[in-house]
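Inspection log for the structure reproduced underneath, given as structure tokens.
Chain naming follows the written order as A, B and C, and within any one chain the residues start at number 1.
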Amino acid sequence: MNEALHIASPAVTTPTPLSPEATIRARVSNLDFWYSKFQALHSVSMPIHNNKVTAIIGPSGCGKSTLLRCFNRIHDLYPGARYEGAIELMPDGLNLVSRSVDPILVRLMVGMVFQKPNPFPKSIFENVASGLYVRGLRNRSEVEGRVEKALKQAAIWDEVQDRLKKPAYELSGGQQQRLCIARALAPEPKLLLLDEPTSALDPIATAKIESLIADLAHDVTVVIVTHNMGQAARISDQTAFMHMGKLIEFGETEQIFTNPTVDQTRDYITGRFG
Amino acid sequence: MSDIAIRAGDDTRRLVQVKRRQDLIFGVVGILVLFVVMGLLMTLVADLLIDGLGRISPEFLTSFPSRRAAAAGVLSAWVGTTLVMLVTAAIAIPLGVGAGLYLEEYASKNLLSDIIEVNVSNLAGVPSIIYGLLALGFFVYALDMGQTILVGGLVLSLLILPIVIVATREAVRAIPSGLRESAYGIGANRWQVMWSYILPSARPGILTGAIVGLSRAIGETAPIITIGALTYIAFLPPAPVTSTPPWINFEWLNSPFTVMPIQMFNWTSRPQAEFHVNAAATGVLLLCMTLMMNGFAIYLRYRLRRTVRT
Amino acid sequence: MTPETQISEYQALRNSAFLRRGRILAGIMQAALFSCAALSVLITGAIIWVLVTESLPFFQQVPFWDFLTDTEWTPVFTEAHYGILPLLTATFWAAGIAMAVATPLGLILSVYLSEFAKPSVREALKPILEMLAAVPTVVFGYFALLFLTPLAKQFIPGLSGFNLLVPGFVMGMMILPYVVSISEDAMRAVPMSLREGAFAIGMSRVQMAFQVVIPGAFSGVTAAYLLGFSRAVGETMVVAIAAGQNPNLTGDPREGAATITAYIVQMSLGDLPHGSLAYSTIFAAGLVLFVITLFFNLTGFFLRRKFREAY
């Protein structure tokens, strides 16, 4: 038995075994990525299963965040970013990293939550509605309905329903992060990307977000990057282990954590490096 | 420190004392210089107040310039300054913010952006009188616009453009990249990110820069002299707001004008002492405007820093 | 969700009229913002174009060699001379005096602010310098002519009512805030580790400031003084008011003499028919001024950039 499962909190959810009819939401194939001259990803291939939580783990600098940030083309904001290969969004196989695909439209389909909670300097309501406004949704009652739904999905509705007009900065760090999750959920994304969403939070706020993520998988496909192996073990269905920009192993979370097939994965999980 | 000094020999102890004394002396010199600078500023303010404060009265503010010093006032000058500043702000702020935004958020590192960068930095150092010559040769004669409020506002806006650009760039640069990434992350396009997220966050910093720039423009004399703005203006430009439709009229833009610093320069360069009193009074008003504007800008920045820290 | 709706998702977004309008607006705004930035290049271009074309008649009439070597500048006299030297020497006298004031004071102040003052003290003191920078130049001119010059006359024998000394001093005080703010920035950019090293070998704070920080920030500090000098050269109102408007090739700063800027002001105040030779003299003078300040501005800019890249 490994370390990671020992520290599992009560919030643990038993990973559901991959059912044979589970569909693939996205498929990464032979993805290379460069920051200018530096190649950060080397031929990464992995599936993202529909309505499941996929965790990406690995030591810092292994490229796990880089990989995640390819999914919504946030790298395009910085000069010198270059992709090769594909991330196909199923079922139509749209290659998210293709040059001919507009990164803004990709981001409209793929929601993202960042490491540090970063609500906009606006009201709680406006924060969640911002993702709806950018796609032209202006109908007041529809916006209100979707904001409420997203806040409920993000398990923060009860805490903020009386103060939707208040600035988002008044919320605590954990609440801000759940607000950011609600903001990403409101437009009903095809994929929800979480980039170490609890690294800036205290253990209680972390536990709340973890149980929330597990629930989310009923509605949305989640890809989460985490440096916390316990977290990956607790909340994910599939796990990818990365090292030096390469995907070392991908599989069912239980298998990765109990019976990794690659030595490097075993070394990392048992804390021998990283 | 003292522990070492006690254990060390006499020479070392003396050396430590010498060093301490050096530091002390320099600290005192530094404060002295500050006092000299402050003293000079206060002397200047006091000199103006003594010379001119008694001259400031409602009549002084509501009279036109006159050949008789005692009857002269600054009505046309402060109206002119106000109108010219309106034009300056209306031109310099959007252009400066636009250029700053472009350089900071759009421009990729290439030869063109490098040229623009060197260029903006040089423009900030071009003497104001050169802008005056530009306005004289280009606006007044080449474009045949005459010596109007519009030209005055144009030349001053070009003059303060670098200040607004630099302030915008600094304000935008100070925005955490997290805000930018999350704004793009919800699928906003570049302009939406600028308009809805970057600009609102940069607003206090931009405002500070704009105020500092405008306060510099208020006090600028040389470029206005160069375009040949008359110094004796005994009438007001047409009112921007009229009692008949369409209620707004832009004829004032084409009116000749004078401004406060021109009026002050004019009175200062007369030989008669009575006019110097008028000059001092104008100087007091001018100082009040610029110091208040700068004080406000300093306050804004102070508040901004505090909110950023918390 | 059926595959059909999915396939069309990206297409639907691409075809959305709202998003298309947004893309068009974003494109228009990008072009607009670029124009704003490009305008600054146009301004420089326009400055050079105006200075060159408007001074062309002057240089067609006056041999360039005379312009540079003639020791008299009397363009409106019947026996006209067009030597820039008197204006140039007066300009450099005034700016030189300003630097003689601003350099030591600026060094002391910037070292004091960056190395000695506590952050709270520094934050309290900087507004004073900013206030000094906010005083309109015409007010400084008044102060120089009507307060400082009469005062200085009591201590300096032979000082005339218009002179280069007092306006030079006042200009020194005027550029002080600017010079201090740039050189203090440069000094504070020097890495803490260098300071720690200096203390570790037993330097006093003063020694550390002058032997480690200033050499470390040398190009940044030099840039500050070059840019300050450029400002002093281009400063107009103080010299136009207090240094007199009489072109005078002099080696004595107690005398009055017109600088380049003062000459332009003086001519602009009179009636200056467009196209006359007198009219083009101010552009010729302006061209000289522009070239001088351009040289110092660019040198200052590249020194500063080099310094920033070093740290």
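Everything that follows uses one rule, which is that a residue touches a chain if its C-beta (ideal position, glycine included) is under 8 Å from a C-beta of that chain, and two chains touch if they have at least 3 such contacts.
Just so it is clear, the structure is predicted and the values come from calculations on it, not from any experiment.
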Steps needed, at fewest, to go from subunit A to subunit B via touching chains: 1
Identifier of the chain whose CA centre is least distant from the whole-structure CA centre: B
B-C compared against A-C, more contacting pairs: B-C
Distance from the mean Cα position of subunit B to that of subunit A, given in whole angstrom: 48
Centroid distance [mean C-alpha coordinates] between subunit C and subunit B, Å: 14
Chain centre separation (subunit A, subunit C; CA means) in Å: 52
Overlap residues in subunit C, where contacts from two or more other chains coincide: 22-23
Residue numbers of subunit A (touch at least two other chains): 104-105, 108, 134-135
Shared interface positions of subunit B, touching two or more other chains: 189, 192
Partner subunit C, residues of subunit B touching it in the complex: 18-20, 22-23, 25-27, 29-31, 33-34, 36-38, 40-41, 43-44, 47-48, 51, 94-99, 101-103, 106-107, 115-116, 118-123, 125-134, 136-138, 141-142, 158, 161-162, 165, 189-192, 194-195, 212, 215-216, 218-222, 225-228, 231, 261, 264-265, 268-269, 276, 279-280, 283, 286-287, 290-291, 293-295, 298
Residues of subunit A defined as touching subunit C within the complex: 89-92, 94, 101-102, 104-105, 108-109, 134-136, 190
Subunit C - residues contacting subunit B, complex: 22-23, 25-26, 29-30, 32-41, 43-44, 46-47, 50-51, 53-54, 105, 108-109, 111-113, 116-117, 125, 127-132, 134-143, 145-147, 173, 176, 202-207, 209, 227, 230-231, 233-237, 240-241, 261, 264-265, 268-269, 272, 274, 282-283, 286, 289-290, 293-294, 296-298, 300-301
Residue numbers on subunit A that touch subunit B, as the complex places them: 72, 74, 77, 79, 104-105, 107-108, 111-112, 114, 116, 118, 120-121, 130-131, 134-135, 180, 183-184, 187
For the subunit B and subunit A complex, residues of the former touching the latter: 108-109, 176, 178-189, 192, 196-197, 200-201
